[in-house]
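Got some structures for you, see below.
Common to both upcoming complexes is chain A, partnered first by chain B, then by chain C.
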Partner chain A sequence: MTTVDPDIRIPDPIELDAAEEARLRAAAGMMPSPAGPEYSGFEMVGIPDRPPQTEREREMYTLNEGEMLINLGPQHPSTHGVLRLVAKVRGEVIVDMDLVLGYLHRGIEKLSEYATYTAVLTYVDPMDYLSTMHNEHAPAIAFEKLYDIKAPPRAEYIRALVVELNRVFSHDLMMGFLALDMGGLTPILYSFIERDEVVELLSAISGQRMLFNFFRVGGVNWDVSDEFISRLSTWRSKVDKLIEMNEWMISENEIFTGRTKGLGVLSAERAISLGLTGPNLRASGVPFDVRKAHPYSIYHELEFDVITQQAGDSYARYMQRVAEIKQSIHLIDQIVDKMPHGPVQAQVPGIIRPKPGRRAYGAVESPRGLYSVYALSDGGPNPYRFRMRDPSFISLQAMPVMMPGLLLADTMAVISSLDPVMGGVDK
Partner chain B sequence: MAHVRRSRPAADTLGRRRALSVPITAGPLVRSLTERLGEDVEHLWTDEDTVEFQIDATRVIDVMTVLRDDPELAFFMLADAAGVDYGPTEHLEVVYHLYSWKHPAWLRVRARVNRADPRIASVTRLWEGAMFHEREMYDMMGIIFVGNRDLRRIYMSPDYRSFPQRKDFRLPDDAADSPAAGVNPLERPETWDLARFRDAPGVRTPALEAEDRATTAGELDGGGA
Partner chain C sequence: MDLELLLGIGRFLLATTLLLLLTVPTAFVIIQMEMKIIAQLALRFGPNRIGYKGMFQSTIHGFKVLAKEDAVPDQADRGTFTLAPWMVYMAAAMSMLVIPFAPGAIAADFSIGIVYFFAVLGLSVVGLLVAGWASYNKYSLLGGLRSAAQMVSYEIPLTLSIVGAVVLAGTLSFSELIAWQRDHGWLLLWQPVGVVIFYIASLAEINRSPFDLVEADSELVAGPFTEYSGMRFGFFFFAEYVALFIMSSILISLFFGGWLAPWPFPAELGGFVGTVYGAFWFFLKTYIFVSIAVWLRGTLPRIRVDQLMGMAWKVLLPLALVNLFATAIAVVAFNL
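Our next item is the complex of A and B:
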């Protein structure tokens, strides 16, 4: 680990006279510089133009000798959307980090209070846009509990099938993006080829390529056809080879392993305390998987183990995804074998009015962790309160914990190994 | 898409309730809860897969510490923390969802917060990950978490003065009969902050904002009811 050199000196900031600074600020559309030398000047662009609001903010934005702020994002291709990171650095070494969110905030929770239960299932689609099926699964479970109805068995099997397919391509993209963020361009191309094949399958069943809008309260929108099953088996016959090829390009690559092993280590206790879930938590050795811990849908009928890694570093988080892709494919085999015949949708009225005062919690294991919905009914056609817990929102909190002591260039390797999707983070 | 056909539901599935796929027995959990927490547990209620109770908001730290550290309970994971607004004349509520290895049920803990003085103790000391949950609740609902050392807004900009997920914050709507129709969002009385111009342009700390809101909310409640 690189140690911080206490004698490091940074050059004096560019000295601008007040008139010139005001002119440049106006030209850049910025507010006039507030009074006080510590808040003026272009070189301090990361510092907010206002006094700190909290103890932690004061600590973060107070610079000691030799420290400076580096602003990453929000328009940075490696931040997986519009995430802004403010890094306090001493030379190349990160001392502290602050996350600035909200650039993609659309207020989906509030909008959902103005939509019928059926319409809410379309609102949640663009949240975590790489796991759309999971986004719809949790509200579907919660609303079914609210309305006291169960989806038919075939619908539950189709649900499990599509969410596992979704998990395959989501983890697959994570492999490619992690390599891309460390300078390897090739794997992402293969990842997108694999993703496209899964997306083709899912669009054959749902009619959409990205925001599938496939789940309904009490079932799914369409039944799977025999043609779909045959296309699925064609995909199934090649997928092992494709995954193997992608893995072969990344997992043993010397540059990749050199840059990810031992990076961003989280202990099991710290990971639990930080609220990490999903592959990120299991990579730290905690065998928590909602599919096992609190089985929903048909997962209690399927055979699988909770995979864990022990290292808790970026490489372990990567290897965890690779293992989970293989596990998902194994689950898909079981689901297709066991799929019963029958209806795919229970009869549900177009406008659902659950009994007033009912409340329900639905949780699923999304590719990024525990994704849950808490819904309240007041007897009307719209949810009284609709709350979503997005796993990437919570797991981003690990960044300021993991980064101090690492190099600035490792930021992307760590954030990419957490696999956040800003659509879900900002809701 | 011609090959995709829509199945009609069979008559035997019409609205009939099936057993939960994994039935749970809440008995041991309910017994442990009443044993360990005693009078703190109010309005105990069980669902098919959830055990729920209310606590006094002043007791949140004590209750959560017992829930997390007691070996019989061992609710090690804070799955979710959410705010709920029950309307301008009612209270706010903080809802915690916890998970334990020992019990196959979700545990829901509800704590009422006074709307005129929306303060509750922060659980960031027990779970670091509660930080973003609490910042979001502060941002959206205006609930003040005492003891949280980074209670800033998280989604809205730092100089924003309203709380969008409160029920008296209505969405602008084109419909003529909407209560918020034709009202400029900045001039909506329910989001109007009387202290808005008093201390501009400085941004105020959560503590001062809370003080403002206490007086503003008091006036609104009195006028609206």
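Our next item is the complex of A and C:
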């Protein structure tokens, strides 16, 4: 039996008296207990029912005359899942904004530490549920480094093919959702039609429509058939027209441009310092693309440019996506042309046990940016540590920087242009 | 008591009852149109289960709303919260009094019908503001404020845009206005700028897309209607579509000849046949403009609140004033 030191007791937070709380706070290095009259009280809706923990939190939740807190989310028509935005508004003008995350936290990283390496690839699927293929790609790369195997060339080509297809529909949905968040009802349905075309293709080789579960350590699950390639070329023949139809509804629309141009501007320096990656960073003019900067898979064999925009506003982020869709289609053409024959899965034992102490890092360019995985092995059948960097989480941090001074209505236009997916943010 | 007076009262009661009854199928038809047309624009089927090709879907929606619970938030101001839908609905229903449906089919042929119409329709903003304020909800509050700002701003270009037409025709009565158009051609030809201003401003006045900021669903959930449920919400919903019908009918009465056919109205057509003939053209033209409004909703994104205000005060109002002065000068100069 263990003996309990009588001096140590677990404080009940409800019954804590002020002195006790102050002592604990001092011990924990937190700010002294609140709250003069200037702190706007816990009973108000939207304010956390506890003292402010940081200076930033105190600043955010202290209301001046004429200001009001308004909760957008977690249950709100247009917060892309369960993101909760607390906006401090003066009339309709946003003074400050706080993001409250974690409503969709499922502990995927921790779950993955209890799963075998093969099973991890199925756990990461529902992370960023619009780019499932990329979610699987990064851990697949990391685990292959960890176990020191290489996927066969045909598997790499199939991987590149499916992730580019995935990128097409992910960017495509972003176009529609951006319009939807501004009240355009139709483009999103066109987007879903286009998405469905791609998803049908991907389900033809993976068997699933959303959480594809297609990648394996050392290869992919299924080979592509000739029938699939012919279906792909059918899709290829009409995709340009579909994209053009949707773009035609949005890109030149006066109301759309009026609501996105010049809003949510991020300079290149600001975007870099915030850690933004992917289309959001390239829209600010920084030519950083993981596929080019740190080539993985077969991207060093393919010919493509890093597209950038200069403006760094919501419209530039939108145009960046449109340009990247076209580029992805260009990449798909090359991949299909060059695809070699051969096996699609390397010889890998049923349960992978990498050498203890090995660590590996796999990074891919997901539709939302640099998506990477870090895995550490202790010699067991499952990763000892497994961490993921999700680009949506990083790009969301730009919201409080961009929003002050804009209107409440712009919140949706700006957040949609960042294209976050809460499944990835909350893990 | 005077028999004439009694007959007048009876006629008025009959007319108002008929108009109130007309609002319900009108709303059903427009909601059904909206569901179907937007579905077609989005390459969907739309509702296709209830009735022939789903034609009773909106009716079922209406009855479903009746069956729902009327919840009132704890902290809401119960009295005004209950009153607000009634105000909005009555503003829409009352303004139907002066709509000329067909020759002889006008509930109250006021000599100042146009003034009455704008006065009564403007009341709906009070209902929206009250709804936003009484709900004790921040979305509702912002929606109510937006509705006040938007409707007050757009009332001005809306009203000014028709003053040109009134100056030309020299009357404020709808039936006389249509009679003038029979003799001189549709006012569309005389007032092309006025038509455009009126159409844009009327969309904003009734909170239709792309000016549907009041219940901007992606920002304010449902604006002033957020806390409403059941038939109280149903009244708002009905009023919105009835207002669309009313605005379209006023537009065609003012500028597109009302119940006049596109070619000269046969003078020998009188009595019941004439009424039916006129009503046919009235409803045809009205529903053409209703369809255009639905089409716009399916196509355009929502305008932002500051752009909306800028448009009213910087574009529409000066344009309406210029139009009015040009018309007035022309009337004096050419002795029209």
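Convention: the second predicted complex is superposed on the first by the 384 of 427 C-alpha atoms of A that agree within 3 Å, B and C clash if a C-alpha of one lies under 4 Å from a C-alpha of the other, contacts with A are read in each partner's own complex, and residues count from 1 in each chain.
Assume a contact is a pair of C-beta atoms (placed from the backbone, for glycine too) under 8 Å apart; a residue touches a chain by one contact, two chains touch by 3 or more.
Given the structure is predicted, the values throughout are model-derived calculations rather than measurements.
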* Asked: First (chain B), second (chain C), both or neither: which does A:184 touch?
  -> second
* Considering only the touch criterion stated at the top, classify A:152 as touching first (chain B), second (chain C), both, or neither. => first
* Using the superposition on chain A described above, determine whether A:411 touches chain B (first), chain C (second), both, or neither. => second
* Asked: Looking at the overlay, does A:256 come into contact with chain B only (first), chain C only (second), both, or neither?
  -> second
* Examine A:118 and indicate which partner it touches, taking first as chain B and second as chain C; both and neither are also allowed. => neither
* State whether chain B or chain C is in contact with more residues of chain A in the superposed arrangement. => B
* Asked: Does chain B (first) or chain C (second) touch A:334, or do both, or does neither?
  -> neither
* Which of chain B and chain C A:300 touches, first, second, both or neither -> first
* To do: Please indicate which partner A:92 is in contact with in the superposed arrangement: first for chain B, second for chain C, both, or neither.
  => second
* **Partner chain in contact with A:397 - chain B first, chain C second, else both or neither** => first
* **For the chain A and chain B complex, residues of the former touching the latter** => 48, 50-51, 53-57, 101-102, 105, 107, 109-111, 114, 145, 148-150, 152, 154, 204-205, 207, 219, 221-223, 225, 227-228, 270, 272-277, 288, 293-298, 300, 342-348, 360-361, 363, 370, 372, 374, 376, 385, 387, 389, 393-394, 396-397, 401, 426-427
* Note which residues of chain A are touching chain C in the complex, please. => 68, 70-71, 76-78, 91-92, 179-186, 189-190, 193, 249, 253, 255-256, 258-259, 407-412
* **Residues of chain B defined as touching chain A within the complex** => 1, 3-10, 13-18, 21-22, 47-50, 76-80, 82, 84-85, 95, 97, 99, 101, 104, 106, 108, 127-133, 140, 149-159, 164-165, 169, 171, 202-203, 205-206
* Structure fact -> Interface with chain A, chain C side, in the complex: residues 38, 41-44, 138-139, 142, 145-146, 209-210, 212-213, 216-219, 221, 297-307
